[in-house]
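Before any comments, here is the structure.
Labels A, B, C and D are assigned to the chains in the order they are written; within every chain, residues are numbered from 1.
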Amino acid sequence: MDLRNFVDVNSRRKALEAHLNIDLSNMGTYSLDTEQASTKNCENMIGIVQVPLGIAGPIAIRNPQSAIRNYYIPLATTEGALVASVSRGCKAVTESGGVTVFSKKIGITRAPVFRVQNISEGNNVINWLEKNFSQIAEIAKSSSEHLTLLAIKPWLLGRSLYVRFSFDTQDAMGMNMATIAASVIAEFIEKETKIHCVAVSGNMCVDKKPNYLNFIEGRGYNILAECLISEKIITSVLKTEKAKILEVSERKLHQASILSGTIGSNAHIANVLSAIFLATGQDIAHVSECSMGVTTVEDDKEGLYISVYLPDLVVGTVGGGTSLATQKEALRIMGLDAQKEKGTGQKLAEIIGAAVLAGEISLLASLAENSLTKAHKKLGRGIK
Amino acid sequence: MDLRNFVDVNSRRKALEAHLNIDLSNMGTYSLDTEQASTKNCENMIGIVQVPLGIAGPIAIRNPQSAIRNYYIPLATTEGALVASVSRGCKAVTESGGVTVFSKKIGITRAPVFRVQNISEGNNVINWLEKNFSQIAEIAKSSSEHLTLLAIKPWLLGRSLYVRFSFDTQDAMGMNMATIAASVIAEFIEKETKIHCVAVSGNMCVDKKPNYLNFIEGRGYNILAECLISEKIITSVLKTEKAKILEVSERKLHQASILSGTIGSNAHIANVLSAIFLATGQDIAHVSECSMGVTTVEDDKEGLYISVYLPDLVVGTVGGGTSLATQKEALRIMGLDAQKEKGTGQKLAEIIGAAVLAGEISLLASLAENSLTKAHKKLGRGIK
Amino acid sequence: MDLRNFVDVNSRRKALEAHLNIDLSNMGTYSLDTEQASTKNCENMIGIVQVPLGIAGPIAIRNPQSAIRNYYIPLATTEGALVASVSRGCKAVTESGGVTVFSKKIGITRAPVFRVQNISEGNNVINWLEKNFSQIAEIAKSSSEHLTLLAIKPWLLGRSLYVRFSFDTQDAMGMNMATIAASVIAEFIEKETKIHCVAVSGNMCVDKKPNYLNFIEGRGYNILAECLISEKIITSVLKTEKAKILEVSERKLHQASILSGTIGSNAHIANVLSAIFLATGQDIAHVSECSMGVTTVEDDKEGLYISVYLPDLVVGTVGGGTSLATQKEALRIMGLDAQKEKGTGQKLAEIIGAAVLAGEISLLASLAENSLTKAHKKLGRGIK
Amino acid sequence: MDLRNFVDVNSRRKALEAHLNIDLSNMGTYSLDTEQASTKNCENMIGIVQVPLGIAGPIAIRNPQSAIRNYYIPLATTEGALVASVSRGCKAVTESGGVTVFSKKIGITRAPVFRVQNISEGNNVINWLEKNFSQIAEIAKSSSEHLTLLAIKPWLLGRSLYVRFSFDTQDAMGMNMATIAASVIAEFIEKETKIHCVAVSGNMCVDKKPNYLNFIEGRGYNILAECLISEKIITSVLKTEKAKILEVSERKLHQASILSGTIGSNAHIANVLSAIFLATGQDIAHVSECSMGVTTVEDDKEGLYISVYLPDLVVGTVGGGTSLATQKEALRIMGLDAQKEKGTGQKLAEIIGAAVLAGEISLLASLAENSLTKAHKKLGRGIK
């Protein structure tokens, strides 16, 4: 049966139901605009998947440019205990004065790979790229007015020349725009230098794989978040002791991350991050790279200092899944409306950083206080 | 506003709407069982997120135990072009005789960390663990009849003793069961050996982080899939040439993966994998580790040999998000009903392996044939 | 000029001197047996390189099988301050009661790569290997009576089948023996299974490259060493304070190792290890993998607990460079004479572990107390 | 026995001989200047280690700035077959027209770690560093006229601020100079910004550990070398076939390097590199990082294209072990005399790149043609 033959979502779903003799009626229950979704987000669409959405928070967040503000965090998840755990973390950090977040736009990257005859030709092209930056930037801009070329970084390996372009794509995550811009630039490079573009994506991008290049150089937004949690709140909200959290941090975060060859070092960044990604229409395949992050915990005379570092946070508030009805609502919960103001992409990145920090401190505290007998009776899903 | 104060999903959502002065009505449109979802999957639930679901395939799959069979692949995604691309790959492999898949159950792992006084005590406990394997296995079984202890692997690093337990959890992904079992075992170890369990999850599990330990030793299911694609199909379906795909493979997969410090080497495994995860109720935070994989492409006198290796595929067909209405329907599309037969978890892993392979060959072909002028006019989202 | 035309070392060196019009007389000053060296260790030999040898210690070492004993440590190095720094560390650990070392023989590994037609054939060969372990072990033994097959670990990736053999080679490092054994076994596998051996070394060995496989599974010897250093000795010998060493450890060892994507986490294991390797005739190319190690430092109510973990220590006391005159003398300084007793290879590994620990604590203390004004006046080479 | 009590090398050695009742007379046979060696290179010196030195080559090398020229390569090694294997590679590449080498000075790096109160303070210091680059460069210069500050790269992780300084140290490897400069700069930063320097080496240097940061950003010299080897020479000199080398390259270099989590991808770079390091007085502990490299092999209509990439080659021709008598002679064999001309450090790096390439092609050919029956009869040490 060729699923492309059907004119709309419903007829396609019904045909599949008949063909497989199964019931897909829940998939047919939705409110989103199928015209939009089936043309922009998903081919051969037959319906939707419903994922439970919970709310954590409020969490108090400040950044250097703004006063402190409270946010509710939408988390789409099927794993019990996550929302409760993040909520507890939000309470702990908020009562400690809030999370301070710093963000830097690194830009989305795309790196075509070219074939050169030899290293000499490769070096010549690298020099040419440097000299023609402004013309290349103009060509990039011609592909979309929403996109600006930020940087070009080349790598030469034998006959393979990789050129990593970084773009500012305003509030869009921008992978699609970046690919179009990279392909136009690659065409220009081919014409001017006579080298051949083997693939517009040469895996030095690096898109959707865990890798050290992005971890070290950054991609999307680079986030640093921190909070100083008082001893009182460690006792009253987190129900444990400072020394216990520090020991968990030393043995679980530091030593085991090294021993297991983990990229980064954290408790469960992927959990919180992927739940917000799903709620807000981000590309969840990016969890593969965005989940690389480092959590640090330090003793402080006033309590515990905790920080989170996310060097590769690829998100946006325009385009892709963010245009869908429920995802747009999730963004509104955090006051993010790309139509109304600029910079909502960066704000989303900052909120994710703060929410991830709340998730980290909550899980570290749970592990620290783990009462094993209680645990096996009603553990739920709190431990990752 | 304390969101825990509300008795049900609707009143909580409405309170949030009023509090923030926004409309969340799309989140309120769903058919799932909120009683079940709000108690088992998601605290502080206010509604659902709707994610478009498309169908790729059919794809012909064979494994050593079964005859060849066709499957439709449900893909929940918001990224245009993915379903179309996977569908093209399904056509190419199916017309080439199908994908052959081999799977091995490694088991889900959980690794508590204990504190020992010194290496000597650590070694004594390691010996004790070896001698008491069968008693530990019994204790594990007592925590759940669906769980069986498969292996114990210890690591000692100074005063930190990590004990990685692998469990067979039947058709469940089993992380929750494994945590409960590990906590019961840890309690037994504490009682018998007098060492202290610092955390029931010591990050040698390794759960939800990209890491070399899982990549090398495996976790969940270990999948190998392969297909021999004829020259004719390369031309007719994939619209490109063998030599071009081989060159993309060499420069993009091999050289750039090494140069960028990527774990694994592939085109876009994360894309296909995360779309099936989302459709079928898997824990999408696992994309962080499950997306580690290797794609190999080899010249063959009859065409192209392509294989995919997924050593860390953590999936299930029972529990977690798989119990939700639409996710259950997605599993049914692939004929997977854990209530009716055993082994559906492993079958799901095999189907994912085959679908990932279809996605790899399709994208490699697109990149190989990339006509740049066409690309920037109507690229969509086909390149990752 | 063809250097192979000369009958001996001196005539070859003199010919080169004449040809290049340079003086190489220092290279001609030596006492080693050129007949032996030029046939077994080095082709086209023209003389020797003289490397300064210093002595650190004594250092008190105990292992579970033996009483405590003092050792002098020979260090061949050209980097000033290293011997002095290790000596200070030896003093600190010896006055603290000595270093306790535990070692495990993992065995030397060699992994041929075979080509299979498909995964099915690969799996059949893997099953065949398992069933024929004892026959394969016999064949290995037939290649050398000093060698015993310990384990076989296969990996299948598409059409590439890697078979990692681990061997006990008694007190020899054994890479050569292992390669011969692997080639004989590969020949047997080819004959019996009809698959083709593409290369006797397929890089899953992994020989002489930094890699996570060896770091996680071990190679050669696996060493754990520890010491509890009292507060008094931290003050009197190491001239610093506990808290300062702990802070250096946290920021330098833990956080920076994660942030930089370092395999392992340590201060300067490579320094001490390579100096002993050079002194005792080890293969210094192995520094590439053997330098992967982890140093942990923990607060203790009685002082500082420090441990070192070396999972991939490839050394021996028989064969290779260990037969040369000065190298043999260096081994004798540590009481290691393979002709007189068995187990000297493992003892050497243990002594290296202890010496590395002494080097770690000494450098961490230097960094902790770094008086910058003094440093730039007479720093020498103490900081790595 | 306190070894520091002795006035000279001989009396110290004799005391040790008497104390341990062993003979160390070979260690006492040397021609180097003990006054110099025992004060600058090695404390508690008792003599020397003699390492056999062989000569490979000649090898024809060209770089973009110079005409082609032949070099003999000094290799200090105790591993039989290495010199012979490199010699064969030299012959193959020389008869193919020589190796073309490109080099770039990245500079030696040293990265102190500072403690900041919070991220805000860290960011302020980062801004301050940027604004004060020229003053910092002057301070660096004041520590040594041979040193020039090239770049400053900061990383902030919670309360840890790492500042990676890159220096041009002319023809010296320069680690010592860089440390002194970094300590003077750190003192200036402490004074001006009031933050505390925790350690002058904070492991983001990264010195003497295998790590992705250096692999990606480079350290010392960045080398690219290439050669096109004709089919005729593959047959006549390398005694094998193009297709066989390509298959070894695919399965051993590409697939296994990915599968084993190796940094880089090569046959035995560490072997050749460490033998030249030892011959020429380099710091052999640097093998831990310098051995990270990538070898690529490509089919070409005229034969085989092979390239080598060494992004982290830390070498020099002034200072450290390069001042010793035999090491100086080894440098002279390659025409390198830092007293006579500038740029010999970079030339040494280029020669190493070319020699490493010769070693790679020779071993790949040996593996490709491996006749197993012959191998186990007289294998020597040719396979790494």
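To be clear about the criterion, a contact is a pair of C-beta atoms (placed from the backbone, for glycine too) under 8 Å apart; a residue touches a chain by one contact, two chains touch by 3 or more.
Predicted model only: the values in this text are computed from it and were never measured.
Chemist: Give the chain pair, either A-D or A-B, that is connected by more C-beta contacts.
Modeler: A-B
Chemist: Would you mind checking which chain's C-alpha centre is most distant from the centre of chain D?
Modeler: B
Chemist: Please report how many Å separate the Cα centroid of chain A from that of chain D, as a whole number.
Modeler: It comes to 38 Å between the two C-alpha centres.
Chemist: Centroid from C-alpha atoms only, then distance chain A to chain B, rounded to Å. What do you get?
Modeler: Chain centres of chain A and chain B, defined by C-alpha means, are spaced 18 Å apart.
Chemist: Going by the contact rule already set, what residues in chain C reach two or more other chains?
Modeler: In chain C, 157-158, 160, 212-213, 215-216, 255, 257, 259-261, 263-264, 294, 296, 298 touch at least two other chains.
Chemist: Can you check the complex and tell me which residues of chain C touch chain B?
Modeler: For chain C paired with chain B, touching residues are 64, 100, 102, 118-120, 123, 156-160, 212-213, 215-217, 224, 226, 261, 294, 296, 298, 305-307, 309.
Chemist: Spell out the residues on chain A that touch chain C in their complex, using ranges where they run on.
Modeler: 212, 215-216, 250, 254-255, 257-261, 263-265, 294, 296, 298
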